[in-house]
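Just so it is clear, A, B and C label the chains in written order, and each chain counts residues from 1 on its own.
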Amino acid sequence: MRKTATLQKIGYRKIIYLLVLLSATIPMLYPIGLPVIVTKQTQDLYEYIEKLPSGSNVAIEFAAYAGMYPDAQAATRAGLIHLFRRPLNIVLWHTTADGPMLLSGEMKYVKMGNRVYGKDHVFLPYVAGSEATTAALGTNIRGVFKSDSYGTPIDQIPLMKDINKAEDFAVILVMASAGGNEEWAVRQWMIPHHIPVGAYTISITYPMLIPYWRAGSVIGMTNGVRGGAEYEALIGSPGPGLRRTDVMSSVSLLYVALIVVANVEMMREKRPKQ
Amino acid sequence: MSVIVSGRISQLLFLLVYSLLVIYGIYRSVVQKKIPHIRQPAAIKALEEAVGRCVEMGKPMLFQTGIGDVSTEGVTHMAMLSVLGYTSKLAAQKDAKFIVSTPSPTLFPMAEAITREAYVAAGKADKFSVDTVRYLSDQQMAYCSAVMQLVKEEKIAANVQIGFFQAENLITLEAAKDAGAINIGGAYRMLRIPDMAIGCDFFLIGEEVFAAGAFCSQEPFQLGSLLGQDMNKWIALAIIILGTVLTALGSNVLIQALRM
Amino acid sequence: MSKTLKGKELPILVMWIVVLIVFSSYFFGGSTLESAFKTLTVDWAIIITNIAIVVGSLALMQRSITLARREKSDKVDRFMQIWTVVLAVILFIIGTTLGIKSNIYSWIYNYILLPSWQTVYTLIIFFMATASYRAYRANNKYAVVLLISGVLVLMRNAPVGASIWSGFQDIGSWVLDVVNLSGSRAIMIGAMIGAISLLIKILTGREKILGE
């Protein structure tokens, strides 16, 4: 009786929380370095970016939320490194208030090389709104943005001279979105303007994008931390993703173990007592 | 030159057909008095039971309005507000302590107005206080922490989360579970359905959230709209089957028609 | 006049105008309609968002002050309520006077706010563990299907899954790419049809959100 009272007093939750803490912390301190298999969706995204002709215009909707950013950080950083490494023209805007601060943190890891601001890349500021804003950007960027993040009027920026609508871009990439922005891009850029959509996204959004990927509306997407690790492996630039895969593995194994234990307990409870 | 933008003709056609079918369903129900019999989802029935549970246990019910602005997820918020009106009326009638928490500054006055109205309609205006509807924070994680504290402090017996939620969804559901509350949820977004499935005791999936107002009120007008909705689903199913058969036979007539 | 403002008719009329502009600009195009669409949905969204931030901040401060003045609040509670108001005002002053790119704002953002938010988000792994233990039980045939598919996708996503058995990658991908796909599409189609129905009810003023 005393043992049962103690277990009930401790509660199964505290035991589980302790196990989660251990399974997340130990691999961080003693990484194993398990290999990561690249999935088709990540491969498609990488290859599409890799095969874009030089001088293609790429639109990036940076939709990062601070709280959920760790899940998308690896893919976002790897995506930015890849994009800025290639000879592409990049126009980036923010749709979250956290975006500018988070982007400035990631740009420290991006090698700019011979890039000149205003000629091959532009950072536009934060714009509030939602699907309607995405739609408005697809038809008239100047209607939404009057200047860039630094206050330079958009008409004075050389790169923006011939860019004003969705059709002026080769692809739109949605980065670090908490979910929803990719669908907006599909509805407001892909369907009316036929501009393909790519997504560097969190793991929760990934299953939701599979129908669009199958239909060809989304050219490829990454899957949270694991997707970030895959993308890092593809571009040959290890980062937070590859460092976190062992934690992901151990915590996943713990979840499976808990499911097994729960079902064994349930079957024992259901067994008729003799 | 086409009046309708190219590539959107079929979309306009579908919108018109779908709308007309909903209007027909309403007409059939209200004018012709042929009210359809609609199965009420377990989550809606559970709302009344949840209020009863709160009264018996002497603990409050928490209703979360969901995150995001009215301008971003207006349709879902409208559906949620219908359920809020119904639930707050039940809570007022049965004298259950009712707390509404909202992370949206635009939803806050709307939620307050609807809850206050429900209390007034139930003749319990004096039971409505400034503490009934609480704006906690528009920052997602700050809101999440505030709800976790609220759930523990107030020792809630029932938690209702029907509407638009993000990552804080699972955390608040589990926190409520930890406090011994039952969870009633509803989400139309694919992202949140798995959270609801494992965290809730009863939940609404997909279009059931939008139809929640009809389920709650049981009015002929509302039930007629559900009939129209169901007829639309049959059309969508027919198109899917037809498209599958035609594509298997090597014809892309339907695909071309849908791209018009 | 006040009766008109308090009634349902004005909001419904405004909704009809907005819906007609949005739909017309999408289906019929034209620069006038697109301009009207942009004004309504982008410009007004920005205005409403900014007003909402002010309203929300003031409501939060008012609530904090009310709670701090309550007799039944203990000293720690009162201190925290007042402190959060003071901190919010300080951050507002720093942000507006020095700018968000200033060192002090960046420091506060990167070393106080960001870690706090991310810490709360990571609570998900603990709650997912308890949810896995509590909810993934094979009580009935549907639960068995949920359980098996959940485990397969979990092992597909975890890098260790492929190391244990290569089949996890293929079967997990099949569950995501085929089974999940069909379910997602069905739910999406149903949800969009439901949204159209709800829109009609709102436009006819029969949805209770506008009052009795």
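Keep in mind that, in the parts below, a contact is a pair of C-beta atoms (placed from the backbone, for glycine too) under 8 Å apart; a residue touches a chain by one contact, two chains touch by 3 or more.
What you see is a predicted model; the values in this text were computed from it and never measured.
J.: With contacts defined as at the top, give the pair, A-C or A-B, that has more of them.
T.: A-C
J.: Closest chain to the overall C-alpha centroid, by per-chain C-alpha centroid: which is it?
T.: Central chain is C.
J.: What whole-Å value do you get for the distance between subunit B and subunit C if each is reduced to the mean of its CA atoms?
T.: Distance between chain centres, rounded to whole Å: 14 Å.
J.: Could you give the separation in Å between the centres of subunit A and subunit C, each centre being the mean of its C-alpha atoms?
T.: Those two chain centres are 17 Å apart.
J.: Based only on mean CA positions, could you tell me how far subunit A sits from subunit B in angstrom?
T.: The computed centroid separation for subunit A versus subunit B comes out at 28 Å.
J.: Give the residues of subunit C touching no fewer than two other chains, as numbers and ranges.
T.: In subunit C, 45, 49, 117-118, 120-121, 128, 130, 132, 134, 136, 184, 188 touch at least two other chains.
J.: Where in subunit B do residues touch two or more other chains at once?
T.: 5, 8, 69, 71, 139-141, 167, 178, 190
J.: Identify all positions of subunit A at which a residue touches two or more other chains, and write them in rising order.
T.: Those would be 13, 66-68, 129-130, 132, 207-208.
J.: Note which residues of subunit B are touching subunit C in the complex, please.
T.: It comes out as residues 3-5, 8, 11-12, 15, 18-19, 22-23, 26, 69-71, 75, 78-79, 81-82, 85-86, 104-106, 108-110, 113-114, 117, 121, 130, 134-142, 144-145, 167, 170-171, 173-175, 177-178, 188, 190, 193, 197-199, 205-211, 213-214, 217, 219, 221-222, 225-226, 228-229, 232-233, 236.
J.: Inside the complex, what are the residues of subunit B that reach subunit A?
T.: Touch residues, subunit B against subunit A: 5, 7-8, 69, 71-73, 139-141, 166-167, 178, 189-191.
J.: Which of the residues in subunit C come into contact with subunit A in the complex?
T.: Touching subunit A from subunit C are residues 22, 34-35, 37-38, 40-42, 45-46, 49-50, 100-101, 106, 109-110, 113-114, 117-118, 120-122, 125-126, 128-130, 132-134, 136-139, 147, 150-151, 154-155, 157-163, 169, 173, 176-177, 180-181, 184-185, 188.
J.: In their complex, what parts of subunit A are in touch with subunit B?
T.: Those residues of subunit A that touch subunit B are 13, 65-68, 129-132, 178-180, 191-192, 204-205, 207-208.
J.: Considering the complex alone, what residue numbers of subunit C touch subunit B?
T.: 23, 26-29, 44-45, 48-49, 52-53, 55-56, 59-60, 63, 66, 116-118, 120-121, 123-124, 127-128, 130-132, 134-136, 146, 184, 187-191, 193-202, 206-209, 211-212
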